[in-house]
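Multiple structures follow.
There are two complexes below, and they share subunit A, which is joined by subunit B in the first and by subunit C in the second.
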Partner chain A sequence: MNAQELLALADDELILGWRNSEWTGIAPFLEEDVAFSSIAQTEIGHARAWYDLAAKELGANADALAFDRDPDEYRCAPFVELRFVPDWAQTIARHWLYETADTIRIQALMQSEEPVVASLAEKIDREEAYHRMHADMWADRLREEPRFREAVEELWPYALGLLEPEQRDRLCEALGRAAVKAVERGEHTEELRPLWDEMTMVRRSIPGAAW
Partner chain B sequence: MIWEVFRQEREGQPFQHGGSLDAPNLAFAEAYARELYGRRDESFALWIVPRESVDEVRDPYVADVFDRDYRRVDGYSLKVKLKEARERAARDVGAGHAPPLQGGS
Partner chain C sequence: MVTADQVWEALAEIPDPEIPAVSLVDLGVVRSVAVEDDKVRVEFTPTFLGCPAVDVMRDQMVERINELGAEAEIAVAAEGWSSDRITPEGRRKLEESGFAPPAPGAAPTTLLQIQAVSSRCPYCGSNDTRLENLFGPTPCRSIRYCAACRQPFEQFKSL
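Entry: the complex of A and B
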């Protein structure tokens, strides 16, 4: 995998992890607060692992890749940038769509001819199993809830844009939905910039410091 | 709905009460129990029980409310008596008498 592909994966996980972590302390109830924060944290952990691989190719380090690039240089899909707090239905709709799509992506990477990529994907997949269980149980619970259904409808084109075009059929099949025009990776939403400002605030406060 | 969680730290050990959690159904209870009591390899297995299924028996039916302390053995100094009995038995064996009954220690 080239560095740009690795960065796309890492950026997706970092930005989604960051968005999900916005629920820490304000989730609908305490048990969920703990569970969702923990999921956010493992997403950021996965981002770190992909950044490490990209860093080797680019001669950089994971922190620099995560925090020192300009917002325009991030390769994440618009899907993960959207800010949903305090809308729990949208949050769960994205969580469920993301985990379903991510499963397809990770399982494809487990077949990679690069041993480092395949073994990292396998390790990540084991942790993702918990995310999938969590996402599925929420989707089952909210399935008939109109706000959740609307959110899934609205986010579907974004979810497709997370995957490479050749993987999208599998997502349609997994969810029993028809393909639509995807919101593609490449352009950023307006919501990335304020996220980036906050995410890199401390790091930028003392440039070049060793923490 | 409140669920009580019991943890088994290692295989074969007894389950001990870990704490409780709030979850709308068993699937949620399981997910949260994994998160709260199993995420750091601190448990080998968990039991998740609806609190309403736990039958609690407590005072005055558990504690001794009637004066029946004569049923208790607190007053007997068994330690001294056992020591004497062991010494006697050892002497008897040494003197060629029948060995003491098994299972007395």
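Entry: the complex of A and C
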């Protein structure tokens, strides 16, 4: 995989991890506070592992890739940038769509001819199983709720844009939905900039600090 | 000159930063130790990729090996960690300190699989326990509840 492909994966996981962490302390109940915080931590751990691989190709380090690029240089999909707090229905809709799409992507990477990529994907897939169980449980619970259904409808073009075009049929099949025009990776939403400002604030305040 | 056995012994004294009752060797995160002259190469494998204790583990291994008078190289093993790598000794120590050890075997993929396995309460020994939350205070733990002694407890996830 080239560095840009690795960065797309890493950026998706980092930004989604950040969005998930926004529920820390304010989720609808304590169990979800713990769950979303833990999922955020795991996603950011996965981001770090992909950044480490990209860093080897680029001669950088994971922290520099995560925090020292301009917002325009991030390769994440618009899907992960959207800010949903305090809307739980939208949050769960994205969580479920993301985990379903991410499974397709990760399981394809497990077949990679590059052993480092395949073994990392295998490790990530086993950890992600816990996210999928959580997302599926919530989707089952909210399936008939109008707000959840509307959110899924609204986010579906974004979810498709997470995957490479050749993988999208599998997502349609997994969810029993028809393909629509995807919101593609490349352009960023207006919501990335404020996230980036906050995420990199400490690092920018004292360049080179270690703690 | 340092021997591999001495390195293993030294690593077995390093407590896990988050569950100090078990050592890095009990947890099975140390995969191999190779000694060549005064250089020691350790292959290790973090439990979960998001584990914040990984850097602390790495630094402590380097420190212990340096104390033995050798240079340390810590490499991350290609093959990922599995909860089946926790040693029988490690499982016993976990239970003694209030953590249920992970259910043996492959990582579950459905909630039904998790609920089909009864986990023993580390406090009172009852099997009348249920899953309270898939997630816990660290990526490697879930929260369960014992209906017999009405005590929540943590369980290592199967991975």
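Simple rule for what comes next: the second predicted complex is superposed on the first by the 211 of 211 C-alpha atoms of A that agree within 3 Å, B and C clash if a C-alpha of one lies under 4 Å from a C-alpha of the other, contacts with A are read in each partner's own complex, and residues count from 1 in each chain.
Quick note on the criterion: contacts are C-beta pairs under 8 Å (C-beta built on N, C-alpha and C of every residue); 3 or more make two chains touch, one makes a residue touch a chain.
Model, not experiment: these values are computed from the prediction.
When the two complexes are overlaid on subunit A, subunit B and subunit C occupy overlapping space and clash. Of the two partner chains, subunit C is the only one that A:Gln41 touches; subunit B does not reach it. In the superposition on chain A, A:Thr189 contacts neither subunit B nor subunit C.
By the document's definition of touching, of the two partners only subunit C reaches A:Arg132; subunit B does not. Using the contact criterion defined above for the overlaid structures, shared-chain residue A:Phe29 touches subunit B, although it does not reach subunit C.
Judged by the touch definition given at the top, the superposed model places A:Ser21 against neither subunit B nor subunit C.
When both complexes are overlaid on chain A, the residue A:Pro115 reaches subunit C alone and has no touch with subunit B. Touch criterion met: A:Arg141 reaches subunit B, while subunit C stays clear of it. Of the two partner chains, subunit C is the only one touched by A:Ala49; subunit B is not.
More subunit A residues lie in contact with C than with the other chain of the pair subunit B and subunit C.
Of the two partner chains, subunit C is the only one that A:Ile124 touches; subunit B does not reach it.
Once both structures are placed on chain A, subunit A residues 31, 34-35, 38, 130, 133-134, 137 are touched by subunit B and, in the other complex, by subunit C. Taken in their complex, subunit C has these residues touching subunit A: 48-52, 78-82, 107-111, 114, 132-139, 143, 157, 159. By the touch rule above, subunit A contacts subunit B in their complex via residues 29-32, 34-35, 38, 130, 133-134, 137, 140-141.
Looking at the complex, you find that subunit A touches subunit C at residues 31, 34-35, 37-39, 41-46, 48-49, 115-116, 119, 122-124, 126-127, 129-130, 132-134, 137. The residues of subunit B lying in touch with subunit A in their complex are 21-25, 27-28, 31-32, 34-36, 39.
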